[in-house]
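Letters A, B, C and D name the chains as they come in the text, with residue numbers starting at 1 for each one.
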Amino acid sequence: MVQALGRNTPTVSTHFPWDKVDDVQGLKEKAAGLGVGFDAVNSNTFQDQPGQPLSYKYGSLTHADPAVRDQAVQHNIDCIEIGEALGAEALTVWIADGSNFAGQSDLTGALDRYLDSMARIYAALPRHWRVFIEHKLYEPAFYSTVVSDWGTSLLCAQTLGDKAQCLVDLGHHAPNVNIEQIVARLARFGKLGGFHFNDSKYGDDDLDAGSINPHQLFLVFNELVEAQRRDPEGFRPAYMLDQSHNVTDPIESLLNSAGAVAAAHARALVVDRDALTEHQRANDVIMGFNTLRRAYDTDVTPILAMARYELGGAIDPIAAYRASEWRVRKAQVRKPIAVGQAGIV
Amino acid sequence: MVQALGRNTPTVSTHFPWDKVDDVQGLKEKAAGLGVGFDAVNSNTFQDQPGQPLSYKYGSLTHADPAVRDQAVQHNIDCIEIGEALGAEALTVWIADGSNFAGQSDLTGALDRYLDSMARIYAALPRHWRVFIEHKLYEPAFYSTVVSDWGTSLLCAQTLGDKAQCLVDLGHHAPNVNIEQIVARLARFGKLGGFHFNDSKYGDDDLDAGSINPHQLFLVFNELVEAQRRDPEGFRPAYMLDQSHNVTDPIESLLNSAGAVAAAHARALVVDRDALTEHQRANDVIMGFNTLRRAYDTDVTPILAMARYELGGAIDPIAAYRASEWRVRKAQVRKPIAVGQAGIV
Amino acid sequence: MVQALGRNTPTVSTHFPWDKVDDVQGLKEKAAGLGVGFDAVNSNTFQDQPGQPLSYKYGSLTHADPAVRDQAVQHNIDCIEIGEALGAEALTVWIADGSNFAGQSDLTGALDRYLDSMARIYAALPRHWRVFIEHKLYEPAFYSTVVSDWGTSLLCAQTLGDKAQCLVDLGHHAPNVNIEQIVARLARFGKLGGFHFNDSKYGDDDLDAGSINPHQLFLVFNELVEAQRRDPEGFRPAYMLDQSHNVTDPIESLLNSAGAVAAAHARALVVDRDALTEHQRANDVIMGFNTLRRAYDTDVTPILAMARYELGGAIDPIAAYRASEWRVRKAQVRKPIAVGQAGIV
Amino acid sequence: MVQALGRNTPTVSTHFPWDKVDDVQGLKEKAAGLGVGFDAVNSNTFQDQPGQPLSYKYGSLTHADPAVRDQAVQHNIDCIEIGEALGAEALTVWIADGSNFAGQSDLTGALDRYLDSMARIYAALPRHWRVFIEHKLYEPAFYSTVVSDWGTSLLCAQTLGDKAQCLVDLGHHAPNVNIEQIVARLARFGKLGGFHFNDSKYGDDDLDAGSINPHQLFLVFNELVEAQRRDPEGFRPAYMLDQSHNVTDPIESLLNSAGAVAAAHARALVVDRDALTEHQRANDVIMGFNTLRRAYDTDVTPILAMARYELGGAIDPIAAYRASEWRVRKAQVRKPIAVGQAGIV
């Protein structure tokens, strides 16, 4: 539905076991019929699953007990297999491992166990696959997180090999950090694997992309356009939306987010790069800034609406979606969720 | 159990409906038999309860719909009634109301509705009761929270009247903020109602008190001792532990936290206050600091162990608790929780 | 020059003794000839001045020594007198007082001395004047600052009286704080005195307004437009630019900042407020957000250029300023500053 | 004086040109006579020096103009030469280069120029020397800083070679970051060069070590003791104090800081590491934490005083320093600084 109206979200990134189905081949065919492909698959060792023999309460890929690590490694390998069947070409690994108390965990030992587990997963990657390492500053671990920042993510990706790259979730950084520069650094050293786009004001708030700080999103795309110019061949980061919704209709939020990402990209594309380079060379600070600002101030709403229209999408996706009454019709064929289940936590 | 071993947690602060029981009078008598009393009661309009007619998804005391506000007000009045039966003398109100998006909520209108709802709750307070307003910077609302900081909490407490005071949860502030000064400010203007003690490194991490920053906990108690000296009669804040446990035994964490609070208090009590005042008067910065630091460096472990022993508690509460095998025995009479239910989120 | 080209900065806020002149009356007449008036005057007790008898090293209005406090109070009263001669109607007070070490200062005593000193300054205010209290989280004091946040500022303004209001400098808050909500709170309780506009990414960075986070600036103006609608008579905050320049020409940065403030205001004025109110009433979160976003996405550059043109200013102020060669000509009549003096610190 | 009383600061880290003298050999001999050696030398391209031909206003090692880069490279080479004459064995490079505005600087180009300049400095290092790269999140650059975090520092150290390592200044990180884990990561990958010890609550506050968060300092030393156990041969980080004083006597602050560093180290040394390892292996979270906390709670003041006494230092260094009236006597032979020069900014 999101792809039908917005025309700029051609692939889906599945989470296993959340999105597990029995008939993988059927899912692939159905998606192809809808014009949707599969991008990176995501493993999940951050929640215990019903029937799972060993708990991840004290860690998964970094657990002190090798049997738990084996279970977590095997889950990742299973994800790769399903992903292959779906036509995906990358695995995203995010682990919740860390500690809530100083002294709970051996900070260095935990990383060594992570690298050991990841090497086994890496060895199972098909020829053309990549593995994306996703870092996160905190939560659910509140004292230390094993892969907490891009520095650690980078060290791990370097240690594992060329197929390993870093994935940037915009909400997984410390306050005030310049994320667009992190993007530039990873791109410069060939380690930028992709993105989880979303937005946040406080922590990992998982709000719609660009809803809090659209200027930052523009500056991230400004670096992506720069990186593409430097290395038109090798640069191919994966873009994914990763957000969590409880006050909006998720379809509507995805439409909004996809629109915000497209707008940031469009604005970055209209930057006068020759003028920018010249101002930077001359240390003409105000004009360097104003060159970016002129692009950012451009209202790209009309051109994006026209692009959607020409590709067979909706000029106003949310209005079209509401007019379609898709949600109302779906609600009639799905079981309602009891009040109280989805409480605010 | 925590009170039996630690001897410094004589009261309990209940959450309704989490802790709801049918036989209020029986609970009160049983608690009295264990030497435990009831402090402040907490209302809960931040989660929908099974069977509740209207949802708090878009707010409770501040909801745009007066029917939802009525329901939330009535719940608070019910809590007061149960609290009275238990012998409590205060109500703590924390609401999750706020917004995830700019434009979702009218920031001023939401506060006005809050004040209106709270005035009705205030009117239902028994003679000697107080109501504590608890602020929180964010979560679950990720753009704006109606009562987000101590400034808003103060304005509300002033607007409501003398029985309304502010409650400080150590984890509910913006990064870097000087919490001990907020404590001093609220105490100075007669609006310090009490505390939820816990600790945090990133957000509202709800870790054991003093586990991340024991020095800050000491400085908070330093202000409390100062405030008590200034106003020995009127100063009576309520101290509560508010923490959430998923990697430790909650009893053990409570024992640790109660010990950390007692240690911070003991260190604040051994500060040489005459010397401190004299150094401050003379702008002898180093000696002012060193006067506090000498107290902080004091190992108060032995004196606290002796105090517990003399009051009939345990010298080493955690060792005594483990030796008692209380948890093992309780586990035999309680229903086990299925693996997978309590996954890390 | 800034007013001549931009046409939206009709008043100047002077700093004494930085901007002290011998001939106050002459300055006033010269400014009037240029179409410039005087807004709030600023006192400065955060730097020692040559020839000053007592140092502010350990505080000014809050100093432990009453003689230093007297000197600082008298300086503020002198500023009021000069301001009156210039036609100003407000005094802005920002003090650097605080401490670098726990134990250095008595947090409550310092505030009491501040209130006592401010009461004397307040008593010297002419009939129609206001006094603005400016808070700042930190710097130069790195442990505690006497007036560190809007809560403290508010308590002080309440204690002093109706003429005392709070001044918001956008860079003086803790990380992540929702500044537009602080603005809404102060406006709601009649205590919003005015602004120091600038922008920041890390601390009190004093960058050009809107250069880091133009969306936040828009949301601040959205609250200002709301506040004006609620109270068209009483609402009259003072808008000032407060920024510090060392990599740009200050005139150019002021032109950019004034343009960014005007753009944020213009965007806030084109919000469809009836639609917004209706969406908020109906909890239609996505459409509430999209109503604001539609206004924010509007490119107001052309309409602002036309407004400047019609008021006799420049369509492209920076191009006009550069064409005028004003800086080159001024440089010939002013003493050059030696290389090395203005080094980056 | 600091070494005479405290006995734990045997080396000095000089800043050029701040500390430049004409007679290098004489300085070395005089220091040797006082029992003081030279550690790392620091270059300074973050301030323009009187008489310097080209300004660093728009950068030094990363400047767009190769002539400015040449000047900055040469200054670093000069520092190495002086350092060699003094017997130092490392160069610390911290640059202020960055930008205040998006668009001012090409983020990737600036790093490439940095790597090019540093390669030339690296080539000039004597055989046994190391070069330390010091990162800093912000200030004086307020939008982007070329070497802003440990990830960038690491990439640069890797690119340059084995002699290049990362230097951690405790105040140069984003809020909330877990610095002890960064230390563990750098040590694990052989890139931990050394430290600038100090403390901070907000930004790069340069307060006395351990004055704000002594627990964090302990946890840093806990990782250093762990790293030393893993690699007793290769691990040799350089420890320096880097703090800035304007409300205390600098000698007294250095004595306090050196004492705090020694106390943190002593507490880390008394951790029962076998018990810690066993608790970590068994996921006994509470006992892992309590093992560290028991060491942290130990009052090491008496044992450190005795150690100073046995090494010929003072039991109470600050009291001894004050009794010596060193400052009073020095003041008589040095020119007083005019009031107003050293104002708080």
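Here is the rule we use: a residue touches a chain if its C-beta (ideal position, glycine included) is under 8 Å from a C-beta of that chain, and two chains touch if they have at least 3 such contacts.
Just so we're clear, the structure is a prediction, and the values are computed from it rather than from any experiment.
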{"item": "Between A-C and B-C, the pair joined by more C-beta contacts", "value": "B-C"}
{"item": "Identified repeat of the B-D interface (over half of residue pairs identical), from A-B, A-D or A-C", "value": "A-C"}
{"item": "Centre-of-Cα separation between subunit C and subunit B, whole angstrom", "value": "37"}
{"item": "Intercentroid distance (Cα basis), subunit C paired with subunit A, Å", "value": "40"}
{"item": "Junction residues of subunit D, two or more chains touched", "value": "58, 99-102, 104, 137-138, 143, 175-176, 178, 201-202, 211-212, 247-248, 285-286, 289-290"}
{"item": "Partner subunit B, residues of subunit D touching it in the complex", "value": "175-176, 178, 201-202, 211-215, 247-249, 252-253, 256, 263, 285-287, 289-290, 294, 296-299, 301, 318"}
{"item": "Residues of subunit A defined as touching subunit D within the complex", "value": "58, 64, 99-109, 111-112, 137-138, 143-145, 148-152, 154-155, 173-178, 180-182, 184-185, 187-189, 219, 222-223, 226-227, 230, 276-277, 279-283, 285-286, 288-293"}
{"item": "Touching residues (chain side subunit A, partner subunit B) in the complex", "value": "46-52, 55-58, 96, 99-102, 104, 137-140, 142-143, 175, 200-203, 205-208, 211-212, 246-248, 338-340, 342-345"}
